[in-house]
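Reading through the structure tokens given below for one structure.
Chain lettering (A, B and C) follows the sequence in which the chains are written, and residue indices restart at 1 in each chain.
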Amino acid sequence: MIRTAWLVLKKDLTVEVRSLEIAYTTLFFAVSCVLFFAFALVKEGKAPEDGAAGILWIAIAFGGTLALGRTFERERQSETLRALLMAPAARPAIYIGKLLGIVALLAAAEIVLVPLVAFLFQAPLLSHPFWLAAVLLSGTIGFAAVGTLFSAMLVRARSRDVLLPVLLYPITVPVIIAGVRATAALLQPDVELALVRFWVALLIALDVVFVTLALWTFEPLMTD
Amino acid sequence: MPKWFVPLAAVTALMFAASPFLIANAPYEATMGLVQKIFYYHLPSAWVFLLSAIVCGIASARFLFGGSPRQDRLAYAAAELTVLFGAIVLVTGPLWARKAWGVWWQWDVRLTSSLMGWMVAWAYLLVRKYGGPGSDKLAAGLALFGMANVPFVYISVNYWRTIHPATSVVPTLPVDMGVALWFAVACFLLLFVLLLRLRVYLEEQRARLDALYLSLDE
Amino acid sequence: MIPLDFEDLTAEEVSRHFGRRRALSRISFQTRKGSILGLLGPNGAGKSTMLTVLATLMRPSSGAIRYGTHTAVASGAALRSRIGILGHDLFLYPELTARENLAFFAGLYGAGHPQAAADAALQRSGLADRADDPVASFSRGMRQRVALERALIHNPRLVLLDEPFTGLDDASTAALIARLQGLRESDAIVVLATHDLDLAEGLLDTALFLRDGRVAEAVTRPDALRSTYRTIMRRST
């Protein structure tokens, strides 16, 4: 099972590295998001103080939705998702492989986004790098866990481009809220680590619930 | 019309007609006065909203893992009722809040997660309508994730500082308030059952029609 | 997962509907190992749907498919390891090379040495010199050859092909026909959906003519397929 997940992940990364299409476009889109929000919220030449955390997570969410859509669009061409499902490999392993690929993609985007947001908003995002990484990782996994499942479900549906955000955003609201609160807590001048720990614990709990639920429902959702 | 419809509808209507009298007889609450009486409709509709989401979630799970079309019809009906009762909660709540707290809305956990749960129900309906073939399973998957939200809504007020009343309020109500409340709860539960059964009945008729069309082709 | 095997394929009253539309209606047939069954019929007759059901990717609304004594519901993954499918869309990743595509799927199907399996497949299809070019740069015929190798890389017992002759030139077509005959000799069960009757001639052991999801006619050892087809289609439903 781990072997299957690893094979799928390696394949996804290979395909992506060949063209880097999704990586570049997602990154550019996320950066545009950040700038867009910054311009919209700027007052008297200054951006809002607590805007950094929120804008960062919005950019991750919007960019993530785009990346998910494009990744599964690739599997739709040549119906390769079907070929994956035809293999005797355990279906949940395919899900895990795809999930890890998406998380890797989003993590790469975040590596660029965090310094950008820190720079634009004068936010001390890099003051507690370990905690920030924990927040970003657990939040990204939660978002991607639901997103990967829903995108895979939608591959053969009509109106799939519009339906992905419609399905994804309400469900991932707790993840976004927790992520933003945790990040905002890290940006305070005197950081309350206990508060950050609380939000990270919540994020991890959400991750466990979502991934478990996704693994459980992946098989019936993929068969016709 | 199915046989049970008229008697059940009649009972529900009578009870709803009686409820304002019980509510009027209940004592005024100390700080909020008359406005607090929205509580007698707000709370039951909130409970039915959550109940409906749970019914939808369980039916969806049974449909997804068992394939029974009856469960699918039940899930669809429950999702619609989640939207309906959620709307009632989200209207009565702010009406009360405006007078009691001075604001229409607050971004605390309970309100936010209720609104989110309501949107999940809407998303369910959108998927059923626009998802094309296979949308019944997609929606079922969504409902399962939405159901995970329900316990979160309920216990959230106990763990976060919030101006929304905590869940310890209900068990400690004085008796005459309690009577009006539980009567209203019964009303709403009956209404829920009535609408749910009616909606499932409608879907069953549709399924029968589809089967007839199919057998034409034989 | 214990691999299983089967020697015949039986469809019993298989039906499948989507809402009010009947895609398949009471289809029954039986075929044994070492034979080629053709699903023939116009577009929309239900050929692709039938193949999807045979591939265990779709459950029939009623009826059953038996693979020897096994059913898809009970045996799931073990069964899938014995089925190979060549779809209308070729199931290849255009960004990957031929070798990478084959090695990936070989690994996915549990091959011990995926690279070796991929190399062998490349040799068999005569594409060894283009092995490291991305599939996107291949012609339709070459892509088809890689796709066929992908479908067969795990030596499946049941081989399902959906319109495999589409867009192929004469040389590729001849190669494909030879390959199918080879499969028959090695005791595979081949089910082939096509509306290209001239090519199917002489290749099929049994022909199942489908129309509107129903079996219009089943013919063993058919010849003069085109005239048979015309006769069947002219009959009123």
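In this section, a contact is a pair of C-beta atoms (placed from the backbone, for glycine too) under 8 Å apart; a residue touches a chain by one contact, two chains touch by 3 or more.
None of these values were measured; they are calculated from a predicted model.
When the interfaces A-B and B-C are ranked by C-beta pairs in contact, the top one is A-B. The central chain of the assembly on a C-alpha centroid basis is A. Inter-chain spacing, taken between the CA centroids of chain A and chain C, is 38 Å. Chain centres here are Cα means. That of chain A falls 31 Å from that of chain B. Distance between chain centres (mean CA atoms), chain B to chain C: 49 Å.
Shared contact sites, meaning residues of chain B that touch two or more other chains, fall at 133. In chain A, the residues that touch at least two other chains are 224.
Of all residues in chain C, none touches 2 or more other chains. Contact residues on chain C toward chain B in their complex (touch as defined above): 17-20, 22, 25. Touching chain A in their complex are the following residues of chain C: 1, 52, 55, 57-59, 77-78, 80-81, 83, 85, 87, 89-96, 100, 104-105, 107-110, 134, 150.
Residues 133, 210, 213-214, 217-218 of chain B are the ones that touch chain C when the two sit in their complex.
Of all residues in chain A, only 146, 149-150, 153-154, 156-159, 162-163, 166-167, 169-171, 173-174, 177, 209-210, 213, 217, 220-221, 224 touch chain B in the complex they form.
Those residues of chain A that touch chain C in the shared complex are 3-4, 7-8, 11, 14-15, 18-19, 74, 77-80, 82-90, 223-224.
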